[in-house]
Amino acid sequence: MKRSLLAATGLAAVAALVLAGCSTEPAPEGDITITYSNFISNGGNEENLATIVEAFEAENPGVTVDVTTLPYADYFTALQTDLAAGTLSDVVDTNYDFFPQLAAAGALAPIEVSNAGAYRESLIDAYSVDGVSYGLPSSFSTVVLYYNADLFDQAGLEYPTADWTWADEQAAAEAITALGDGIWGSHQPVSFYEYYKVLEQNGESFLNADGTAVAFNTPGGIEAAEWLVNKSGTVMPTIEQGQGTPDFDTNLFVEGKLGMLHTGIWVFGAVADVPFAWDIAVEPGNTQQASAVFSNAVGVSANSEHVEAATAFAEFLTSSQTMVDVRLDAGWELPPISDEEQLAVYLTKDKPANRQAVFDSLDGIALTPIVATGQQEMQDIINEELIEAQAGRKSVADALASAEERINAVIGG
Amino acid sequence: MSVSTLQTSLVDRAAVEPSRPARPRSTRKGIRYAITVLAFLLPSAVPLLLFVLIPMVSAAWISLTDWNLISPQVFVGFDNFVQLLSEPRTAAVFGNTLYYILGYLPIVYLGGLALALALNQALKGRALWRSIYFLPVVTSWIAVAVVWRWLLNPSNGVVNIALGWFGIDGPGWWTDPAWSMPSVILASAWKDLGFVMVILLAGLQAINADLYDAAKVDGAGPWARFINVTLPMLSPSTFFVIVISLINGFQVFDQVYAMTGGGPAGSSQVVVQQIYDLTFRYGQAGEASALSWMLFAVILAVTVVQIIGQKRWVHYG
Amino acid sequence: MADRQLTVSRPTRSSAPALGSIVLHAVVILGALAMLFPFFWTFITSISPGAGFSIEPRLWPENPSFEAYATLFTERPFARVVGNSLLLAVITTVVQLFTSATAAYAFSRLPFRGRGVVFAVYLATMMIPLQVLIVPLFVQVKNLGLINTYLGALLPTFASAFGICLLRQAINQVPRELDEAATLDGAGHGRIFWQIIVPNIRPALATLTIFAFMGSWNSFLWPLIVLRSPELQTLPIALAGLQGQYTTAWDVVMAGSVVSVLPILAIYLFAQKYVIQGVASSGIK
């Protein structure tokens, strides 16, 4: 009797799952469904994305958008599986790093942008190849210098300004570290994403002009790497003390134990309620100012059966008024639009006071270096070598020499 | 009876079969018998064929091509294998995997055996202790790995703070290339100890109590009984644990991916992590497939050697 | 009660002196505390709002709060993903028990030409990592039109070489005299399987129940790839989804892991009783 019970449960369960699996009913005639795979809404903005999608559906009767949301860390694994199997969604998210591979493989349809002027020029240009758009920027964030004003007061220092250079930061960081009591001066990750930026800040660059070899193994490049690496253990905790673990830097800042923090504007929310005064400034450069800009974009699948509707959705998602309102209201990164007036509301919204620094940092942008093949391997190698130097297992010069050799072998062949 | 031993599953069938019912001879009976066999085998054979064996054949084809998952596949023959054999990192990832197995297996086997022996005694709240030791087995690495990173943080992780109480200067754990693999082994041992315990407990409970009584009559002390009764009678369970642990150990991935990502400086890069990176991060699915087949060959060889070797030490109760 | 029967006949107990017993208890308890500590830490983190890796770890949070758990079930669809995971795990377990037991019966009791080779092929399916099969498997499931369906997620889990090994061994240990007696009574293989074999391998079935359920409950890569609609997603994907592109609420992640362990613990406690009962009462030695 136990067996028949088991069998019955099994049958009922199978029936239930078959029903569940077939829940997508055939659409009424004339109506179309487009699919959208995203990571941008993952981790708290799912409802905000739903609001934008509903507005699009209301404006476009007969078009339904099926949204799939995946964790950022695994999104590209799923995306590549889809590419391999030919099951790409009609509209897909990408970041700046992965976009060239998508475009080069012919996976994306060219987009005739109806309102190119609505987008910030540098952003829309980043997703075009030979003047043709293959993606539309959906948002951007910049990296700025956060500072704990109370600690600056305590150390008797002037607050950071857009005119600061590395030397100013260094002096302030040392003074704040000297306050003792577990307080550190300045935190900056030791990684690819920081290194290519500090190279620009020092007038150097990561790759040579045609992107076939690295160009960082120079005196200026070594100086830039030392700027990052030497913070560790002097004005910043070491790896052994936890530096580099997820969200370590933000927590340290929130706990009031960090004078300056190099990170993106995405932590405004996490820092908003701290019990001390804080603000932001444009990141200091050495010979010139350069700030990192991270952007995401959407593309339309070249194999989509509904390119027109998919393109309309992609445009709505990246330039509609609804999108602008939702993003600014939720503090969900920044809309990629060119209209500064619309962004004015952002400037006065909430802490920090100096939100103008977010836009000022765009005056000098360090773009992520992109290679035709071996992008991820290149990033892994430079991360690994910089950390070897940070941990003191290699000299900075040795680490960069080794990185140069290894990366050139990967991106050259 | 023992819950789980691979032993007789793998033993020469001749040892098992003399007492089986004679095989039907006539054609009609033969067909009916064949249908019976199929009825019992097909429920498992169909899913295995469709969802493991056919994909394995596809993977074998991929190993002969140059493919980044996005662009069209290009046939390159055995280039991927040649390339892998010429790269020092291939030996490195197999070496790291071997390091993991050699560190992990003795700890979980001896620890699991000690636990099984202890929890086979008349202890107060025995079921509770068993459950506690089994608890880590059922957790997912996605959740556990982060906690282990925190616990094993060199300067303010709880483990090093505790070591400090005894005057021990704790190591750099996953931040140090020399200690990243021990960190992974430690966390893995914590998670899998309960698995080994459960298998060995079942084996212990299957041992006929008469054997102990007979040994006692012969004047054997506790230690002699352990050596002469427990260990031999437990050998089928031991064999099962070792075979399964080796098959799984060569394919270690989740904890490495989540705890160290293979670092620092590639010091904990294991074979499957390399396969994953090659496929989904470095755009070299062909080389990844070739590496998988090399791994397959190693696991197969190791398993066959064990099956042949078991006759020397596994006692069939 | 079954428990007691077992321990009575254990010879080591009576010979253990009281001091040894105390030491044994102490070691077992200390070990258990060590095993529990990571869970304790997970729990502590889950009730520490804004938690993360801290420069000064605390054994108890300053302002404990259960809001992370509320977040999971109100702002996040955790009730639904737990339900999805349960459904998949239950089906996988039931089907795997069936396919493993029938295959194990064939490999133990139904000799046929080439059986050794077939069994070796079954074993070999354990030796290739899933990571390399993912793409071909996905293509296969796509060709069957099963992407984004529960059936697509389930089918590859329906047979397990591990389960077949486990059960085949158990069946091999069931005395053949029992089958032969039944054959004399006119029983066919179907009846022998259900009435003789299955009741006699209950402990092994219970063990497989735990592992099959656990395998499905914690499986990540395949459900991630094959299930796309939010309403189909499973617990591990939702857990991973708590970690964002830039920032992560660790208290919520840890609350999610606490929640993820509970159902499987219940399964274990249930099955554990069964394992011991089965061993004690099977009467076949």
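As written, the chain order gives the labels A, B and C, with residue 1 at the start of each chain.
Here is the rule we go by: a contact is a pair of C-beta atoms (placed from the backbone, for glycine too) under 8 Å apart; a residue touches a chain by one contact, two chains touch by 3 or more.
It should be emphasised that the depicted structure is a prediction, and the values quoted were computed from it without experimental measurement.
Chemist: Tell me which chains count as touching both chain A and chain C.
Modeler: Neighbours common to chain A and chain C are B.
Chemist: Tell me which of A-B and B-C has more C-beta pairs in contact.
Modeler: Most C-beta pairs in contact, of the two: B-C.
Chemist: Determine the centre-to-centre distance between chain A and chain C, using the mean Cα coordinates as centres, and give it in whole Å.
Modeler: 37
Chemist: Rounded to the nearest whole Å, what is the centre-to-centre distance of chain A and chain B, using the mean of the C-alpha atoms as each centre?
Modeler: Taking the average C-alpha coordinate of chain A and of chain B, the gap between them is 38 Å.
Chemist: Find the geometric centre of each of chain B and chain C from their Cα atoms only, then give the gap between the two centres in Å, rounded to an integer.
Modeler: Distance between chain centres, rounded to whole Å: 15 Å.
Chemist: Got the chain C residues that touch at least 2 other chains?
Modeler: In chain C, the residues touching two or more other chains are 53-56, 98, 134-135, 139, 240, 250.
Chemist: Do you know which chain B residues sit against two or more other chains?
Modeler: Each of 69, 146, 149-150, 153, 156, 285 in chain B touches at least two other chains.
Chemist: Quick check: what residues of chain A touch more than one other chain, meaning two or more?
Modeler: 77, 81, 84, 241-242, 245-246
Chemist: Spell out the residues on chain C that touch chain A in their complex, using ranges where they run on.
Modeler: The touching residues are 50, 52-56, 75, 87, 90-91, 94-95, 98, 134-135, 138-139, 142, 146-152, 154, 194, 198, 221, 224-225, 228-232, 237, 240-248, 250.
Chemist: For the complex, give me every residue of chain B touching chain C.
Modeler: 1-9, 13, 16-17, 19-21, 23, 33-34, 36-37, 39-41, 43-48, 50-56, 58-59, 62, 69, 115, 118-124, 126-127, 129-144, 146-151, 153, 156-158, 161, 190, 193-194, 198, 202, 205-206, 208-209, 212-213, 216, 222, 225, 236, 240, 244, 247, 251, 253-254, 272, 275-276, 279, 285, 288-289, 292, 295-296, 299-300, 303
Chemist: Which chain B residues qualify as touching chain A in the complex?
Modeler: Within the complex, chain B contacts chain A at residues 68-71, 146, 149-150, 153-156, 172, 175-177, 263-266, 277, 280-283, 285.
Chemist: Flag every residue of chain A that touches chain C in the complex, lowest number first.
Modeler: Those in contact with chain C are residues 3, 6, 9-10, 13-14, 16-18, 20-23, 35, 37, 39-40, 42-44, 46, 66-74, 77-78, 81, 84-87, 141, 182, 237, 241-242, 245-248, 250-252, 254-255, 257, 264, 266-267, 270.
Chemist: So in the complex, the part of chain C that touches chain B is made up of which residues?
Modeler: Listed in rising order, the residues are 3, 6-7, 9-13, 15-16, 24-25, 27-29, 31-32, 35-39, 41-42, 45, 53-57, 98-100, 102-103, 105-112, 115-116, 118-119, 121-129, 131-137, 139-141, 155-156, 158-159, 161-162, 164-166, 168-170, 172-174, 176, 179-180, 183, 188-189, 193, 203-204, 207, 210, 214, 217-218, 220, 236, 239-240, 250, 253-254, 256-257, 260-261, 264-265, 268-269, 272, 275-276, 279, 282, 284-285.
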